[in-house]
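There are two complexes below, and they share chain A, which is joined by chain B in the first and by chain C in the second.
Then we have the complex of A and B:
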């Protein structure tokens, strides 16, 4: 059959509509090569492929997010009735001492954890990419066994936060933990890390957060540093720049975009240190805002818990904006 | 331009430089190795401690936490597997993961393919909808999600948990795969269509195999994310202890064993949970590192 012949004979209207419901393989040729059918087939395919993913996404992700905004303004306690109460939940939060206690802890983590983690991450990444012995004709060289270091540093990233929290709960244990056991060997009686003293508990949580994420940033930053062309380092070396100068004047500015993204990401992680605190801490030692939210939810204060969630979202948005503004530098193309 | 003179001075200068740098390089090399090894001990230390201590009896551990096992006390592993139900939890995790990972990859790649390769009204909107979902923390949706699941009678059921995993993995999966499908050549797709393959067939037999590198990266990302998930099961799968997934079961066990003082079983349980993941990671380290850092680099 030639193409002209097919085009000359428009398909039967009935056959055409039947073809909408048929899979292409059973559709007659005369219909299949019709232009209108092709458009229709395309949209049928698009709708078919998007329907289930979009439905799942809309019902279980988008709609809860939108409902959250509404429920934060109600006194909902899980039943069918939710009375609109305006900003009562937020006023209650303002006057709730427990909210301020947990949020102070969360904010402390938000400020300290990213700085410590990123500094360690950049330091180790630079050691790995540039700390090696100079080889002939190379301005910069990595240390031996760099991939081995990266593999080990990355370990915590592949483990569940719940498991990390259980492990560290044992490590910090007062009587039979790794840390106090080690202190015992040198004759120091270790304190009760998770036993209720706020400062020690904070140090413990910070340690765990940093421990979990340093490896991630070492991999991320050493990939970014590896992307810097070697001739820039050669030029710096020829100009007589030392290691320190090279780092602060060449490496850091060139990976700054990655650092800033990592900073935002790490801040959001620190704000959401839910599992670590919930699993590792006895509840009286310290709380963070997500744990406070979860406890209100378990008590059935659904409206109040949702309002706390909204505040958490606002905190992370404000943090991201501040970091993006503070860390704004001219982008360097290379 | 006197090229010859400039090269000569340059070479002389670089020679003196090299001598100087080599000296400082040696010192720095030792210094950097010292720090790197220190952190290696920090990173692996707690994990090694848990794995070694898993072979000791509970009373030994409580007497001397730093000691080495006097004999291999395998009973801890049997206790963990049977009495502490680690075996059951691992099986639950596997069943959930089988459903959720398949679903995520299938639905994510379908949506991504359509968004990347077809022009239709609302294309951009759908893309932004998925991309926007990445920015919201799950904890914000916690309470309403619980209610939605309850309405659909999906609370404390396996399908419910699987659907939740899929739904919350879709934004990043779709976002990542959309940009991946965009990089594939258009010619192959057109050729398949000219040869009479349907859209569906083109997708499954031509485009999916071509997208394999992207699928592997995002597959590893989702595998680890879903296997390690703690918040969603805690919220949606909290009623019945026999249906707990692995991280959930271990967290519960940690509290229970803390009271009973049976540390041996807990350490064995942790080891059982950690070792397979670490082994898989050690084998596929390059892909895993690429997969997990892909999100931050995009």
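Then we have the complex of A and C:
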């Protein structure tokens, strides 16, 4: 009997359902080649393999997110009651000076931190992949010990932000800190970095953000640069391009996609610099929006805090869209 | 010189100017700057270790090196705080979340890599987009969920949430890794009579092991280091993870620096060891997901 004939005859319905419930190896031949069974079997497989992760997402990522949007419109304060208050929380935020203070700081970080980190990351990555002297007839080569540099720069990435903040809190400490100790040696009295002066605190936080993230981009960009074919460099070299020209005319355009993605990611990280600021400045000398959110959360103003969270999320979405649009260039294929 | 030049392989491609090993001041400057920067990057670690070993009386001193190393700081901090408890919580949470991610992400990644099902692109996109959510914005929603379930302060809460947040990355990396293993190998095994599941376990999994190990260690490290969720979803000092527990040494006015740093050293040692294992895979892991 041919397969077509078997498929043409609809299988016994009872057998059909039994086959759905039993493991595939018990599926009778008459059912196995039925089209409906094949479709169902496919989705059964999907359900078995993808249902659990999707459920996880739904319950612990998507659901808190949707709940956040709902509770941002209520006056929930931790108890069982949450009254719907419309956009009251957002109006309150608009009139709250502390919100604007913290958000100004966050936006400053959002603008400066990605630029500084990415520029440093690209520079280091370029030095690592192309900074070495020309040798053995190769158009480009990395500096000696490039893998060691990568590990050194990358390592903060695997440290907890809490520990990073703790260590840097000490480094920037007014009395016993490494930095003020160094300034002392050259005869300058070091300032209170984290003690309340806005500009100094901002510099301190920026330093820490750059320090902890630059390694990630060094690794990311050197991987991207490593993907550029060597003959392009050779061609540039033959045409008489120096290192600077090679970088701006060859390397940067070719890794631009990676740079843009990194920019978005770094912006989101800068906007979310919660732990660094919270732990480094226990006196809350400088606040960023997430810290302001956390304070409201600890005060029990859960509805208000959620509304701040929603604004924060919107900010990061807007930022991503702007960068994706601004950084949109024609993609160069190689 | 002539023999050295002759010994050099001739097939070096289109030869660019042969290097002259002349000393150039610029090279020296670059080397010094590079080493200096690397040292600058390393200085905070040194500061951490030195402060962890500083005697109490010298904590406010400006000297870079203490007069003696006080190893007893580590014992003191162990006795005086809930560090042991916190370490236990962190171990449970990181271990549990890693196991959960393995059980959930591996089948999902296997399926996504092997089957071209409808919605595959959307699934992968969803995975990426959730990576971009800031946990801080979700914290209160999560808090609400676990508050209603009565699960605040529970180890399970942290295991589940950490697993959920790391799932995306694990699925992404594993999908790329499994996708790079030829499906023909599995088909060959299946022709030889193995089931699909058997082929996955006996053929693909061993080949994908480096990727699996990288994803798992990454999950472990991220969970080990997680701070914001631990801070929000636990209130009782004994059920807080290590990173949050460390924070308790920082008071509003006084900071017990030596204990703080001794505890920090305890917290980063496992990370250093694990990172040493996957360091080589980090680059390929980071770039595996990029689709060119």
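As a convention for this text, the second predicted complex is superposed on the first by the 274 of 334 C-alpha atoms of A that agree within 3 Å, B and C clash if a C-alpha of one lies under 4 Å from a C-alpha of the other, contacts with A are read in each partner's own complex, and residues count from 1 in each chain.
Here is the rule we use: a contact is a pair of C-beta atoms (placed from the backbone, for glycine too) under 8 Å apart; a residue touches a chain by one contact, two chains touch by 3 or more.
What you are looking at is a predicted structure, and each value in this text was computed from that prediction instead of being measured.
Visitor: In the superposed model built on chain A, check whether chain B and chain C fit or clash.
Guide: clash
Visitor: Thinking of the overlay built on chain A, is A:114 touched by chain B (first), by chain C (second), by both, or by neither?
Guide: neither
Visitor: Contact-wise, after the overlay, does A:267 reach chain B, chain C, both or neither (first, second, both, neither)?
Guide: In the superposition, A:267 contacts neither chain B nor chain C.
Visitor: Once the shared chain is lined up, is A:283 touching chain B (first), chain C (second), both, or neither of them?
Guide: second
Visitor: After superposition on the shared chain, which partner residues are touched by A:49: those of chain B (first), chain C (second), both, or neither?
Guide: A:49 contacts both chain B and chain C.
Visitor: Give one of first, second, both or neither to describe whether A:240 is in contact with chain B, with chain C, with both, or with none.
Guide: Once the two structures are laid over each other on A, A:240 reaches chain B alone.
Visitor: Between chain B (first) and chain C (second), which does A:211 come into contact with in this model arrangement: first, second, both, or neither?
Guide: Both chain B and chain C are touched by A:211.
Visitor: Return the residues of chain A at which the contacts from chain B and from chain C coincide.
Guide: 24-25, 42, 45-46, 49-50, 52-53, 56-57, 59-65, 67-68, 71, 78, 127, 131, 133-134, 143, 149-156, 158-163, 166-171, 175-176, 178, 180-181, 184, 211, 216, 219-220, 223-224, 237-238, 258, 265, 268, 271-272, 274-275, 279, 290, 293-294, 297, 302, 305-306, 309-310, 312-313, 316.
Visitor: Can you tell me which positions in chain C touch chain A when the two form their complex?
Guide: Spelled out, the residues of chain C in touch with chain A are 12-19, 27, 30, 34, 38, 41-45, 47-48, 51, 59-62, 64, 104-105, 107-108, 110-112, 115, 117, 123, 126, 130, 132-145, 147, 160-161, 163-165, 167, 171, 195, 221, 224-228, 232, 243-244, 246-247, 250-252, 255, 257, 260-261, 264, 267-268, 271, 275, 279, 282-283, 286-287, 290, 292.
Visitor: Mind listing the chain B positions that touch chain A in their complex?
Guide: Contact set of chain B toward chain A: 10, 13-14, 17-18, 21-22, 24-26, 28-29, 31-33, 35-36, 39-40, 42-47, 49-50, 61-62, 64-66, 107-108, 110-111, 113-114, 118, 120, 126, 129-130, 133, 136-137, 139-149, 163-164, 166-168, 170-171, 174, 198-200, 203, 224, 227-231, 246-248, 250-251, 253-254, 263, 266-267, 270, 273-274, 277-278, 281-282, 285, 288-289, 292-293, 296-297.
Visitor: So in the complex, the part of chain A that touches chain B is made up of which residues?
Guide: 23-25, 41-43, 45-46, 49-50, 52-54, 56-57, 59-65, 67-68, 71, 78, 120, 123-124, 127-128, 131-134, 143, 147, 149-163, 165-171, 173, 175-178, 180-182, 184-185, 211, 214-216, 219-220, 223-224, 237-238, 240, 242-243, 258, 261-262, 265, 268, 271-272, 274-275, 279, 290, 293-294, 297, 302, 305-306, 309-310, 312-313, 316
Visitor: Within the complex, which stretch of chain A touches chain C?
Guide: 24-25, 42, 45-46, 48-50, 52-53, 56-57, 59-68, 71, 76, 78, 127, 131, 133-139, 143, 149-156, 158-163, 166-171, 175-176, 178, 180-181, 184, 211, 216, 219-220, 222-224, 227, 234, 237-238, 258, 264-265, 268, 271-272, 274-275, 279, 282-283, 290, 293-294, 297, 302, 305-306, 309-310, 312-313, 316, 320
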